[in-house]
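Worksheet for the structure shown next.
Read from first to last, the chains carry the letters A, B and C; within each, the first residue is number 1.
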Amino acid sequence: MDLLAQVLINGVLLGGLYAVMALGLALVWGVLNIVNLAHGAFIMLGAYLAWHLYTYLGIDPFLGLPLTAIVMFCVGYALQRGLLNLIVRAPMFNTLLITFGLEVVLTYLAQLAFSADFRTINPPYAGNSIALGPLVVPLARLMAFGVAAALTVGMWLFLLRTTLGRAIRATAQNLVAARLYGVAPRHLYAVTFGIGIGLAGAAGSLYGTVSQINPYIGATLTAKCFAIAIIGGLDNPLGVLVGGLVLGIIESLTVLYIGATYDDVASFGVLVLVLIVRPTGLLGKTA
Amino acid sequence: MSAFRIGLAIVAVAALAALPLYGSDVVIQFGINTLLLAVLAQGWNIIGGYAGYASFGNSAFYGLGSYGVGIAMVQWGLPFPVGMIFGVVLAVVFAFCLGIPVLRLRGHYFAIATLALAQVMSAIVSNVSLAGQNIGLVLPPLNNDRLFYELSLGLLVIATLTIFWLTRSRFGFGLIAIRENEEGAAVMGVNTTLYKVLAFALSGVFTALAGGIHAYWITFLDPESAFDISLNVKMIIMAVFGGPGTVFGPVVGAFALSAVSEVLSSEATNVAGLFFGVVVVAAVVLMPRGIADVIRRFRTSGWHYFIENLRAHRI
Amino acid sequence: MARTALRASGALFALALALSATPTFAQDIVLGASVQLTGPVANTGRYYKDAYDFAIDKINAAGGVKVGNTKRKLALKLYDNQSDVNLSVRQYTQLVSQDKVNLLLGPFASNFALADSAVSEKYRVPMVQGGGASDQIFSRKFKYIFGTLAPASNYFASTIDMLKQLEPAPKSVALLYADDAFDVSVAQGTRPLLQEAGLKIAIDARYSSNASDFNSLLSQIKSVNADVVLVAGHETEILNFVRQAKSLAVAPKMYSFTVGVPSEDFRKALGKDADYAFGMTAWLPNANLKDRWFGDAAQFATAYKAKYGYDPDYHAASGVADVEAVAQAIENAGSVEPQKVRDALAKLNFPSLYGTIAFAANGQIDLPQVVIQVQGDKLVAVYGGKGFIVKPNYPMPAWNAR
């Protein structure tokens, strides 16, 4: 019984981490209809940035989260404005192809700049845990979960309540009408993508404290984030949190009851199931 | 198709078929690789170019074909042709069972669903002990590159002829109708579900055959290399680069990109990966409709063609 | 017109004379390899490039390799296979059929060696590889593949010997292994050894290669109170394992890993968390491992660190051993012809900085593993063929008691 409870706790906390990673992807996809296959590579870059801030300037990865996010926001803004805006109205899979190409380039540049060595962000409290009777709650993951919840609620409020958020949603729904109302679409698209990449950077900072960083983690992370975003539904940032939790718990239980080699079968299997049965996701509106 | 073009095609095939006589070992190897990629691109062309359903999971068929040959030859001691048929059977069953639910999705969702399917297949196979789990299988070696070359060429010819047949058959017109306006096609009496699944299965057959040939040629397969995700993108890029929805476009795209990639891999191995990524990005931005379109429009627009593309697609 | 032709032919004639009078240089012996310089396993793959370069430079500096009566230098033709097995196979084929290299050196990792050895067998060119230890590579009765890494199934043998002599005696073991060729081989060999030693296998879990989350497995280890945890996996996984063990407060009496512990890069990434971890290595830079070209293993390690900036571990030493084996075999055979070199390799037996290089009938070297442990900030050899070398830090204290 204790083992089950512990595994469930592991699953929930893993879900929080997953949610942070997928938030940026879901935002960009759900709002801009841009499917970013390079999302994992941006998480990787954010992780490296946080590592450099921690190692050379001593900035704690959690406290330095806003800084990492802002730098990555600028990177995302520039990329959208300079490159991705050029193909927004092209056929759908062009964004998939171009972001794939980006992923290859970013991974290569990262390997060139940072070499293939592993890095970890190891603040002194990273390995601590809180004991709840016989159960153990890892501190770093708990904090990541807190950040995930805060960011998710923040994004939800942003999109629904603020002027900028509404402008972004309006532009995504009807470009022409938005333009008629004086919205500058190029700028808005770039801002949205920037926010998405900023979130990826924040996720990278957290990822580096609980796992290890190397230039090649991008592809697997992207695949996971897809599963999470779709399972939760792209309409609503809260869906990402749900998707992350569902996936985290399912994976942890699969390893416990079925076997540790079945974790990918479980995650992608659930993804296929959701797509077939309810493509808009658990929290999405039925089309 | 004018007589001139047909004659040109026959000459080209004959020249390619004769390559093993005057080409070096490495050229033959490069040839096999390129021909198989061209088959994959043509296979994708059926479901992605003609039916308009961009599948990102054809690597699932490739892997099934590879494992069909692998399991048949290694575990059951059957000859290669039987293995190929087994691979094709696996692919067709997969296309029908999983194609029907997945083909109800559109656009991005279909793409991601197929990608997820490919991942699931890879994960499942790495747990199946008949398939050697994650360690894979080592096939009996056959030192006859010429045979593989001619097989691959033959497969490409059959695939291209199939596409050619598509452009003239009711089935093909049905697919194009589905691509342009699916609701309209259904209203006009096209059995969209059947046609889509058939296209998916046909695409799968060619992909599986290519996978089978590749497995026997390399004599080794494991889930990661058999269900190679990057193959998905490669075949799509080649088809799109050459011109999706055309008969020869994917072949041209495959040949061109393979040449570039292979030259880079052997001369400047350090930057091979980087260049590939840059080429992809540039191609998507500047010529999203492929080389075929460039050739067609260049005469009228000249260099303005690229600028027109940018203007049409950006915001 | 006639005068120009006369002048031209005269010039050509003179040129021909000049060329034929030029003394012919002894051709370099070219060794070909396809190694992971980029891609997910590059962090170990690159050690092999450094090792091959280092060894070839040293042998050339000493005059080269004696083939019959001439001395010839070694040259390296190296490709980056980007951690892609299929590309690696094509590159080895290219090395043999287009670049026409004389002999082959191997890649890193068992699954690569497994696939690439099919090429060396197909073209009958001997390959000496120091990166694949899986027994599978050598169980196919191939004649042209040789390996300088000790058999995977034996990796934990000396560790289990040591376990039998520890106080308080450990009783239960959790065995975790990744699902690739090497680690499955390790697990297959370890199970009977554990049973012979009377240790109960409480958990026997295969996990996906490249897994990043071990929380479920760690929770299971904690709930069965395993005394010993043996992990056969890759460096990235083991790094994650240790960090997550700390964050879940899982501290068995001891844990041992097949990779990671010997490499400086790994210990640096973990920092203090690496303390108490056990590992094994078939090679340590011992001054009593004498070598014809480098003096001894200790001198080799110093020179290597001076050139490349990091301490060599057994991968680098294995790579150097491959080159030395090829060089020695060529000299013994008196020729670079593949068949003769192959026969000479099969009969090799000479001391080197890596230990005695001699291949068993199936082509694989057999060296015992020395148990090592991270003690404080040092890597210490703890248990070898003759018993304890140094007292091990056992049992491992709880994480918050360090």
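Some observations on this one:
Operating definition for what follows: a residue touches a chain if its C-beta (ideal position, glycine included) is under 8 Å from a C-beta of that chain, and two chains touch if they have at least 3 such contacts.
Please read all numbers here as calculations on a predicted model, not as lab measurements.
Shared contact partners of chain B and chain C comprise A. Remark: among chain pairs A-C and A-B, A-B carries the greater number of C-beta contacts.
Distance between chain A and chain C, defined via averaged C-alpha coordinates, is recorded as 37 Å. In terms of their C-alpha centroids, the spacing between chain A and chain B amounts to 31 Å.
Of all residues in chain C, those that touch two or more other chains are 38, 179, 208.
Across the assembly, chain A contributes residues 108, 259, 261, 264 that each touch 2 or more other chains. Contacts with at least two other chains are made by residues 123, 126, 133-134, 273 of chain B. Remark: chain B residues 24-26, 29, 33, 123, 126, 133-136, 138, 141, 143, 218-220, 222, 224-225, 228, 265-266, 269-270, 272-273 touch chain C in the complex. Residue ranges of chain C in contact with chain A, taken from their complex: 38-40, 42-43, 46, 179, 205-208, 210-213, 215-217, 219-220, 222-223, 235-236, 239-240, 243-244, 246-249, 265-266, 269-271, 273, 399.
Residues 29, 33, 35, 83, 85-94, 96-98, 100-105, 107-109, 175, 185-186, 189, 219, 223, 226-227, 230, 259, 261-262, 264-265, 268-269, 271-272, 275-276, 279 of chain A are the ones touching chain B in the complex. Interface residues of chain A, counted against chain C in their complex, comprise 2-3, 6-7, 10, 14, 108, 111, 115-120, 122, 126-129, 131, 136, 138-141, 210-212, 214, 216, 220, 251-252, 255-256, 259-261, 263-264.
Across the complex, chain B is touched by residues 37-38, 79-80, 82, 84-87, 89-91, 93-94, 97-98, 111, 114-115, 118, 121-122, 136, 140, 179-181, 184, 208-209 of chain C.
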